[in-house]
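Labels run A, B and C following the written order; every chain starts at residue 1.
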Amino acid sequence: MTTTTNLTDDELSGPETPDARIRTLRHRRVSGWTRTQTIVRGVVLGLGAVVFLFPFYYMVVGALQKSPDPTIAGAFPNPANLTFDNFVNVNERINLVSGLVNSGIFTGGVLLCTVVFGVLVGYALAMMKWRGARATFALALLVQVIPFQLLQIPLYVLIARDYGLADTHIGMILPFAINSTAVIIFRQYFLQLPKELFEAARIDGAGEIRLLWSIALPLVRPALVTAVLLTFIGPWNEFLWPFLITKDAALQPLAVSLANYISTVAASTDNPFGAILAGATVLAAPVVVLFIVFQRYFVSNDLGSGVKG
Amino acid sequence: MQKPSVKRTKRSIMAVALTAVAGLALAACSGQGATSTDLTAKGPITIWYSNNAAEVTWGKQMVEAWNAANPDQQITAQEIPAGKSSEEVIGAAITAGNAPCLVLNTAPSAVGQFEKQGGLVDLSSFPDGASYIESRSGDIAKQYQNADGHYFQMPWKSNPVVIFYNKDLFAKAGLDPENPKLSTYDDFLATSKALVAAGVSQYAIQPAPTSEFFQMQFDFMPLYAAASGGTPLVKDGKATFADDNGDKVASFWRSLYDQKLAGQEQYQGDAFADGKAAMAIVGPWAISVYKNVNFGSVPVPTPTATKASDIWTFSDAKNIGLFSACQNKGTAWDVLKFATSQEQDGKFLEATGQMPLRKDLPTVYASYFAANPDYVAFGDQASRTVEVPSGPNTVQEMQAFRDAWSQAVIFGQGDVNQALSDAAAKIDDLASKP
Amino acid sequence: MTTVVKTPRAPAPASGGAGAPGPRAKRSLLRRILGRQPLGLLFSSPYLVFVLAVFAFPIVYSVWISFHDFFFAAPGANPARPFVGFDNYIAAFSDPQVIRSFGNVGIFLLINVPLTVVLSLLLASALNRVVHARTFLRVSYYVPYVTASVAVVAVWLFLFNGNGLVNTVLGPLAPDPSWLINDKLAMPVIAIYVTWKQLGFYILLYLAALQNLPKELYESAATDGAGAIRRFFSVTVPGVRPATLLVLLVSTVTGANLFTEPYLLTGGGGPNGASATPVLLMYQLGIQQGQPDVASAIGVVLVIGVLIIAFLQNRFVGERES
């Protein structure tokens, strides 16, 4: 019970407030995890990580191979069989810079709209009483339930013909602008916040915007980052919609040109398998890097202190 | 709890919103209406061509040549937004009214649908429409008419499907690489067995075993065309293949799958290029792709020995469509004729190795075929090709066939002959639908 | 115990009822007309406008299409589009393939959803306590989720095809026919693939929820002598119930709309349609085969089905409002 191996999140990240430190100490004393349990947990998590990482690792190794090697040995990098040619091929056929810029505009536009408007509606749904709240929530659910294939052509007609937004970034962004899953996530996490806090602030005369900005938002930061990442993945990997709406290659995001490369051009290269995996790696790399950079924001150890203090 | 006024306010907000939506819906339904029906208008146009590297090269020079001679009627060209789904993009563009003037890569299987959608211009309505098409392509053009004898597509180029075989692997298996025994079904099966038994490749041949409707173009259709001496899949609104010839073709493929001479699983990459299969069933476009393989080609096999000059096959043609959204249809028609002129067809043949759908191909471009003996057989074969069924339900018909084929032939569940006659009944039904 | 963790909606009316009169009296006329917290509507209006502008027309249009003899036509063409009642629904559901596709997606959900909920909660609570290499571990679990399906599918094909690594490792135990062309195994492989692919996202949802669980609860449970396993069931599980509901809803909805994986992994729903899903058939019928009317009918039934499941999940797992 009192073993010193029971380090917790709080200890690792170094609690900043005295309050948190006290909790940490208390926590350690009663945490109840035995050394064996901790070790088992570490091993299971480690094995799981291998299972999760392997295909990605294989993708990178395969992308670096001169010729595909489907044997078990092929899963290990062989210096004699390594090359950057697959990436050079991708670079020759695709304008990576303009693809990245377009992906950035597309994804950035969606993120901005989702964070600003999604947080507003999520907060309204969770924290405020107004007629139509339930209907709005049902609508958010409904929008996600509907398969995109059902709406694809009517949506295309609406945006291309009626709004005249074919071959524009706005036309690309519009159907994704506010991610309904993110709205639901925001609502869910706002719901978990203690209402007493808000009542107290309301009685003190704080406006809703202020409540949202200075109380609610800081408390749901992990949810915010989760939703941002979720929202990010959608437009970043989406190729069907931008493919339909942009005929102009100069406007196409990376996913579209890479999907195009993977499905048509790669087959005519000397090493189609390597070419496909190289395309895949180029598409995945920026996301993984961004994720590694931002992942620390997922964890917020001082979350509870504000509420309980 | 809520005051009535709140309800009223909210109701009016909803009313405003609903009106906005209704307005949108109306605008969408009524559409923009006026697409020009003038077939003589001249001016700038846009075209899409295939994204295959060789065709891009040809397309660019064609556009340059046209633009240099016609400064007032410039072409803006781009690669077709491609992938598995270029027909999807064209279909959506037709619905939205922003399709280009010409698509130089229109799949014949999609033409019936595009026509039904009102997306294509009837080329026969140009004064010289039908005569130009027929004088260029000869009798084979008739396969590209719709039920009323109109041309909604310009027959452009074909890739007559034949068997490619890997000479090195044949030699390794102790087979004669110069005169492979592949002409009859029995020979083909015996050769396949020898290849696999010798362990030179995992499979003898590997057409895609997946369920997409168009895959039937590369297993059943070429062999059925050959076995039946050029009978189309659907004739006079009736499926033809539930006959002795169809049964023979299906049993032949069933034997290949049953004896594991052909793979039931999709191969990632190109089985022939990677030496996974010793043979492939493809058209001349593949010659440049397989430059690293020492290969030869023979016509597709037939139930009994047939002279090569009598063997039919599937065309794998791509055509040119003139789309109704085009404002300057006069220019589009002129460009269409320019792009399919004898001169441009010659350049196309040289750049891509694909066969313009032009009668007397071997004589018109005799010098090309003299310089490229690899292509002679294709030039000759191009005059004996069968096309997919026409009409608005082509894709449904092909999917119905593919589903039956996948189950009975590829996976060996149920009776092969029964599956063919069931598919034929379904297709008869579909062919009679508008 | 759980009351501390979750504060259901009960207190909220108090803020409106008891706390409101004071501030409200000071508020402007507008506030008096619109009543309690009308800002909610204002906050939500951008989203509502967005949904109305982008989705309302296509959704309504799709339902309308499903009751008419319809195909997409060019702007100039005005074909007759007679009302046909339930004909499209009858056409869709008299096709055994359509029935089978619903069965397939049912199998998928039965495997995928429970697996997702259990694994993501277990992994998240383990990850939440992990000390060493935690960045590495979290990133590992998230990588499949951020990578495009187009990309990872190639790797799975390599792993699960006839000569793939999995069969090589299994040797004589390898199934025949192989995984992806075996009509009993194709769908389970897809279900496991999707679980693996999406798990990172659900782990994040749970991690975020676990951050909100007060440590005191664990402490008091531990003081009461509860072991790690009991604490998991008595503190963690009830504490993250809103997140569980979210995981259930989202995984059900994504699962029911399964399209990319059978499209890419089993070459269009093979073998023999054993991995065809309703959305895949909608794509084939509506977009490839020019029958958007029948495709819409399938879509409408699918949406209603998913809404019913979502409602039941919300009812039995969701917050109790009494």
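The rule is simple: contacts are C-beta pairs under 8 Å (C-beta built on N, C-alpha and C of every residue); 3 or more make two chains touch, one makes a residue touch a chain.
Remember, predicted model here, so these are calculated numbers, not experimental data.
Asks: Work out the mean Cα position per chain and let me know which chain is farthest from subunit A.
Replies: Computed centres place B farthest from subunit A.
Asks: Quick check: more C-beta contact pairs at A-B or at A-C?
Replies: More contacting C-beta pairs are found at A-C.
Asks: Please tell me the distance, in whole Å, between the geometric centres of subunit B and subunit C computed from their C-alpha atoms.
Replies: So the centre of subunit B lies 38 Å away from the centre of subunit C.
Asks: Using CA atom averages as chain centres, what separation in Å is found between subunit A and subunit B?
Replies: Roughly 40 Å, centre to centre.
Asks: Counting only Cα atoms for the centres, state how far subunit A is from subunit C in Å.
Replies: 15
Asks: If I count partner chains per residue in subunit A, which residues reach a count of at least 2?
Replies: Each of 131-132, 152-154, 157-158, 161, 259, 273, 276 in subunit A touches at least two other chains.
Asks: Quick one: which residues in subunit C touch 2 or more of the other chains?
Replies: If we look for residues of subunit C contacting two or more partner chains, we find 36, 38, 41, 48, 57, 61, 72, 75, 154, 158, 163, 287.
Asks: For subunit B, jot down the residues that touch at least 2 other chains.
Replies: In subunit B, the residues touching two or more other chains are 2, 6, 10, 24, 28, 31-32, 85, 88, 91, 95-97, 268.
Asks: Please output the residues of subunit B touching subunit A within their complex, sorted ascending.
Replies: For this pair, the touching residues of subunit B are 2, 6-7, 10, 24, 27-28, 31-32, 51-53, 78-79, 81-85, 88-89, 91-93, 95-98, 268-270, 273-274, 289, 292.
Asks: Please give the residue numbers of subunit B that touch subunit C in the complex, ascending.
Replies: Residues 1-3, 5-6, 9-10, 13, 17, 20-21, 24-25, 28, 31-35, 85, 87-88, 91, 94-97, 113, 116-119, 202, 208-213, 263-266, 268, 324-325, 392-393, 395-396, 399, 403, 406-407, 410-411, 413.
Asks: For the complex, which residues does subunit A have touching subunit B?
Replies: 68, 131-132, 152-154, 156-158, 160-162, 166, 243-244, 246-249, 259-260, 263-265, 267-268, 270, 272-273, 276
Asks: Give the list of subunit C residues in touch with subunit A in this complex.
Replies: 6-7, 11-16, 19, 22-23, 36-41, 43-44, 46-48, 50-51, 54-55, 57-59, 61-62, 65, 72, 75, 123, 126-132, 134-152, 154-156, 158-159, 163-165, 168-169, 196, 199-201, 204-205, 207-209, 211-212, 214-216, 218-219, 222-223, 226-228, 231, 242-243, 245-246, 249-250, 253, 256-257, 259, 278-279, 282-283, 286-287, 292, 295-296, 299, 302-303, 306-307, 310, 319
Asks: Considering only the defined contacts, which subunit A positions touch subunit C in the complex?
Replies: The contact residues of subunit A facing subunit C are 7-9, 11-12, 23, 26-27, 30-33, 37, 41-42, 44-46, 48-53, 55-56, 58-59, 62, 70-72, 75, 113, 116-118, 120-121, 123-125, 127-133, 136, 139-155, 157-159, 161, 174-175, 177-178, 181, 183-185, 188-189, 191-196, 198-199, 202-203, 205, 208, 222-223, 225-226, 229-230, 233, 236-237, 239, 255, 258-259, 262, 273, 276-277, 279-281, 283-284, 287-288, 291-292, 295-296, 298-301, 303-304, 308.
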